[in-house]
Amino acid sequence: MDDAADKANGADGAQALASTPYDRAVAGFKNYWYPALGEREVGRHPKRMILLGEPIAFVRRGRKVYAVQDECPHRGARMSLGKDEFPGTDTLACRFHGWTFDLRNGACVAALTDGPDSPVVGKVRIRTFPTEQRKGIVWVWMGRGAPVPLEEDIPKLLLREDTLVKHRRRVVYGNWRYHAESGDGGHFQMLHRDSLVQLTNRFFAHLKDYAPVLTDEEGDDGPPYLVERTGGLARQAAYPGLGEWPPNRPWRFASQPYGRSVHGVSTIAAVRLPGLLRINHFPVVGALYYEWYVPIRDDAYVYFQASCHWPRNPLSRLITRLKWHAYWGPMKMGRFNDQDKAMVRDSTDLAKRRGHHSPTPLYRPDRYPLDWIAYANERARGAAREG
Amino acid sequence: MDDAADKANGADGAQALASTPYDRAVAGFKNYWYPALGEREVGRHPKRMILLGEPIAFVRRGRKVYAVQDECPHRGARMSLGKDEFPGTDTLACRFHGWTFDLRNGACVAALTDGPDSPVVGKVRIRTFPTEQRKGIVWVWMGRGAPVPLEEDIPKLLLREDTLVKHRRRVVYGNWRYHAESGDGGHFQMLHRDSLVQLTNRFFAHLKDYAPVLTDEEGDDGPPYLVERTGGLARQAAYPGLGEWPPNRPWRFASQPYGRSVHGVSTIAAVRLPGLLRINHFPVVGALYYEWYVPIRDDAYVYFQASCHWPRNPLSRLITRLKWHAYWGPMKMGRFNDQDKAMVRDSTDLAKRRGHHSPTPLYRPDRYPLDWIAYANERARGAAREG
Amino acid sequence: MDDAADKANGADGAQALASTPYDRAVAGFKNYWYPALGEREVGRHPKRMILLGEPIAFVRRGRKVYAVQDECPHRGARMSLGKDEFPGTDTLACRFHGWTFDLRNGACVAALTDGPDSPVVGKVRIRTFPTEQRKGIVWVWMGRGAPVPLEEDIPKLLLREDTLVKHRRRVVYGNWRYHAESGDGGHFQMLHRDSLVQLTNRFFAHLKDYAPVLTDEEGDDGPPYLVERTGGLARQAAYPGLGEWPPNRPWRFASQPYGRSVHGVSTIAAVRLPGLLRINHFPVVGALYYEWYVPIRDDAYVYFQASCHWPRNPLSRLITRLKWHAYWGPMKMGRFNDQDKAMVRDSTDLAKRRGHHSPTPLYRPDRYPLDWIAYANERARGAAREG
């Protein structure tokens, strides 16, 4: 084989390496429904967000929340600075020169600074994003064609009529994939052990025979999830020359509900596309917890957390809400999950120094990120960068 | 035609596209007089500014304000940290090793840390920029050769002996060209309508038969300006399916002095090189207002605003000054013009995402930026990047 | 000679220019001992620093301070977030998944989330950096192979048993080389003259017959230093057309101890590899002062200052400490030396604009930086970027 052929092969190899959907999904997988923000956050004045690299203006007209590209096709002015010049219609006018768009389909219906006979009317269109409002959350379809039904992408247990959903969102530094790869049961008792809310919990040493499995059905929560299966927990382990770990602590006495199911969901952790982690019995026994990593760009994402509760009566509903606002939200979804953020930051910075994303499979629990990546590569609809 | 020729043509085409003077003028047009700062801002201790990409130290010696490159030719230390080591002479000494320069011509006249016989004396020169002081403003010639007379570049009405000039400057994010392109009458009633100072003003809907014209004479304000000509104003317009616009508001009753001239200047808005907008009857009826976009670098510029007043007696002069400081300055030149800044930011960010500057002509009022760009391309003296 | 050859020569020439060790030492010279931080700053919880581009976690176990790469080989998590999971052993566990390393040699001795039989044990290693603790300072060997004896790199007078060492460190913007090049006696009376602590000092005009000399022995402070030699000081100089300089000031009466030696060190300023400046009689007559420029990256470095004192009895020892904390530290090592920082910033910014590091030899005192660069090029062990 000659030099040129060698070179070509080398290039092809590198190409192949960089051409998996997961590698390209630096800014997320497109053609999925994502949670954007709370219904109550959107009013008549638009709100700007960037999701999967796209600047988007969310705005309310009546009961309906619309989403349009936050960039006027004329001079690039933010539509989120725009105004409701024709109250009662579902339109939004750009603040700069008054180009007015129909929020339902993006058509330019007026150019106010050019008069009703402006030739631009009907010729220009702004991109719109399909939205749905369910459980107090505005969901947005981050894709080009017609959206799939919301139920395909959003957990069925969350959408159930009797489910009380509370949510919380933050912008976090780092690439979303490092968070998605870090949901393994392995890190739990290490990283989160000294979180204040875990003070009294008895921890285990490690999982035995760790084996993630891709399953199409668990409860009725909608397939497919990559779930964790283990051969049980080692309560304590002896490390030669180092000692027993974890150490016994008299104040760690509370046992955890491993194995008990919530509406048929019995696995502790499970992950699914486009980057959605499910945990059971969190933030409280009997609850289900979901978190989405909604990419903003290469090194930022929205950390969107939602917990599902099934209160039995109005009083227990009220108490659940109170506990959520006073304790679970700030202490569990806040401080506890902040510990993950530092890890995502470090992995992101390492990838920046190295110039590429590279989960290094080195020990047995790394089967989790590797299986997740394989699952994503096989089934993902499309990466954000692909157009 | 073969592949190589195709390629060459393509490259040439791209070259041609990027090679208009206006495209190259990312950091402004050189070989013009620009307003730099107020006379009172400059004292014996130098003041640093960056204009058209050049760091400049402004310093006063007696009544004269000098401008020199803010970079010692020895080790790059800022001359604006320099000292007046020989009071009574028009020199400035670098703070680092005492290289001392004659401010009148830039010649190195001493190297204090090397003694009077230093071989460097007379061999090294620092770049100087010609300056003029008129109407309380320091004007600087941003070019290499001999400057043109100040009167060629500064409006005659501003320089008139009986003119009272007040000025104001701010550093703004964005490329200066987006501001220069945005002076069209079209944006006025849209962007600025809900400014607090416009609360009681009756607005029009749009201009009719909008036609910018390049004129060599209007009043005695010095040619050439690109001025706006219109076939009149539409007071209100009916948009099918949307409604009348603008809506009638009982609190909007004040009429505006369209058509009345100020010292022969009757057009509302006019623009001229190197990036100077003139508005009449602003900030008050009977005044003339000028604003310069003095580039700092690709995405920052000095927004230099000056208003001209003709008070009839000392008392009206005093009242004009008071009103300027208490109201017109902060409310009209401040808050009102802040609305433009957001638009410049958005257009700049769009250009960054797209990788090139591209005014998109899409509707009739875009004749204004297009004619301005054509005018600049035909008549500009030189772009800052050309050397 | 044909075109291709011309081109090749040109490229070679540029290559040669950029390939001196000093040019490559943008982030410092490796294979040297550097001062990192104070012994008291390091405890059981690790402390993160970046030195010569390497993130390093410093951590104490008993009396010993260890340094390891601040990046877990698994997922890149900072080891400085790690925990002491096995108290009593010299180990550090990563916070993310519990990979535990022996701090003495970097071997992975446990992977807590995978159990005692984890196959990763013994197969993975984290980089460690040799350290020494002397005079209250943690010294770190920034190299790959076995370190040289500490005494080769650290001044002997500083390490002497009867020496009282006080130190201080700050992170400074700029490339370390501009600071190393600026220790010449020339800048002293110019840049530092109006420092408050110099208020009463009589200054000289300039050095005569300035001649840096590389010497292998001065006192017992350990070779080699580039020291300054002069033919004496000019007290005042007459500049034709400008005047006498420096001017006589009645409040500048204090003479300075030029020529008097401290433990055999009689030169005012001297510099040695890897970037260490020595000044005598600073911050007080009879003291020796050392400052290291410890590179962080291209445009940041740790400015590490240490002064050596020889108090004769416990009382004078106490007074020395008090004076250091109350006056010499903040006023002399703080404010006085801040004047140098602005110069380093300016030279760094100039290099960024020009795209390369370029000391411009233009007048006689520039022999100092040029001789220092030649000395470094001839004798330096290795640049940080070389691997």
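Just so it is clear, A, B and C label the chains in written order, and each chain counts residues from 1 on its own.
Definition applied: a residue touches a chain if its C-beta (ideal position, glycine included) is under 8 Å from a C-beta of that chain, and two chains touch if they have at least 3 such contacts.
Since the model is a prediction, treat every value here as computed from it, not as a measurement.
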### Same or different contact residues where subunit C meets its copy subunit B, judged by the half mark
different
### Message
Between subunit A and subunit C, how many degrees of rotation does a Cα superposition need? Round to steps of 5.
### Response
120
### Query
What is the distance in Å between the mean C-alpha positions of subunit A and subunit C?
46
### Message
On a C-alpha centroid basis, what's the spacing between subunit B and subunit C, in Å?
### Response
46
### Where subunit C touches two or more other chains at once, by residue number
none
## Note on the structure
Residue set of subunit C touching subunit B in the complex reads 178, 182, 186-187, 189-191, 194, 205-208, 234, 237-243, 245, 342-343, 346-347, 349-351, 359-360, 362-365
### Task
Can you check the complex and tell me which residues of subunit A touch subunit B?
71, 73-78, 81, 83, 85-86, 88-89, 91, 93, 95-100, 109-116, 118-120, 124
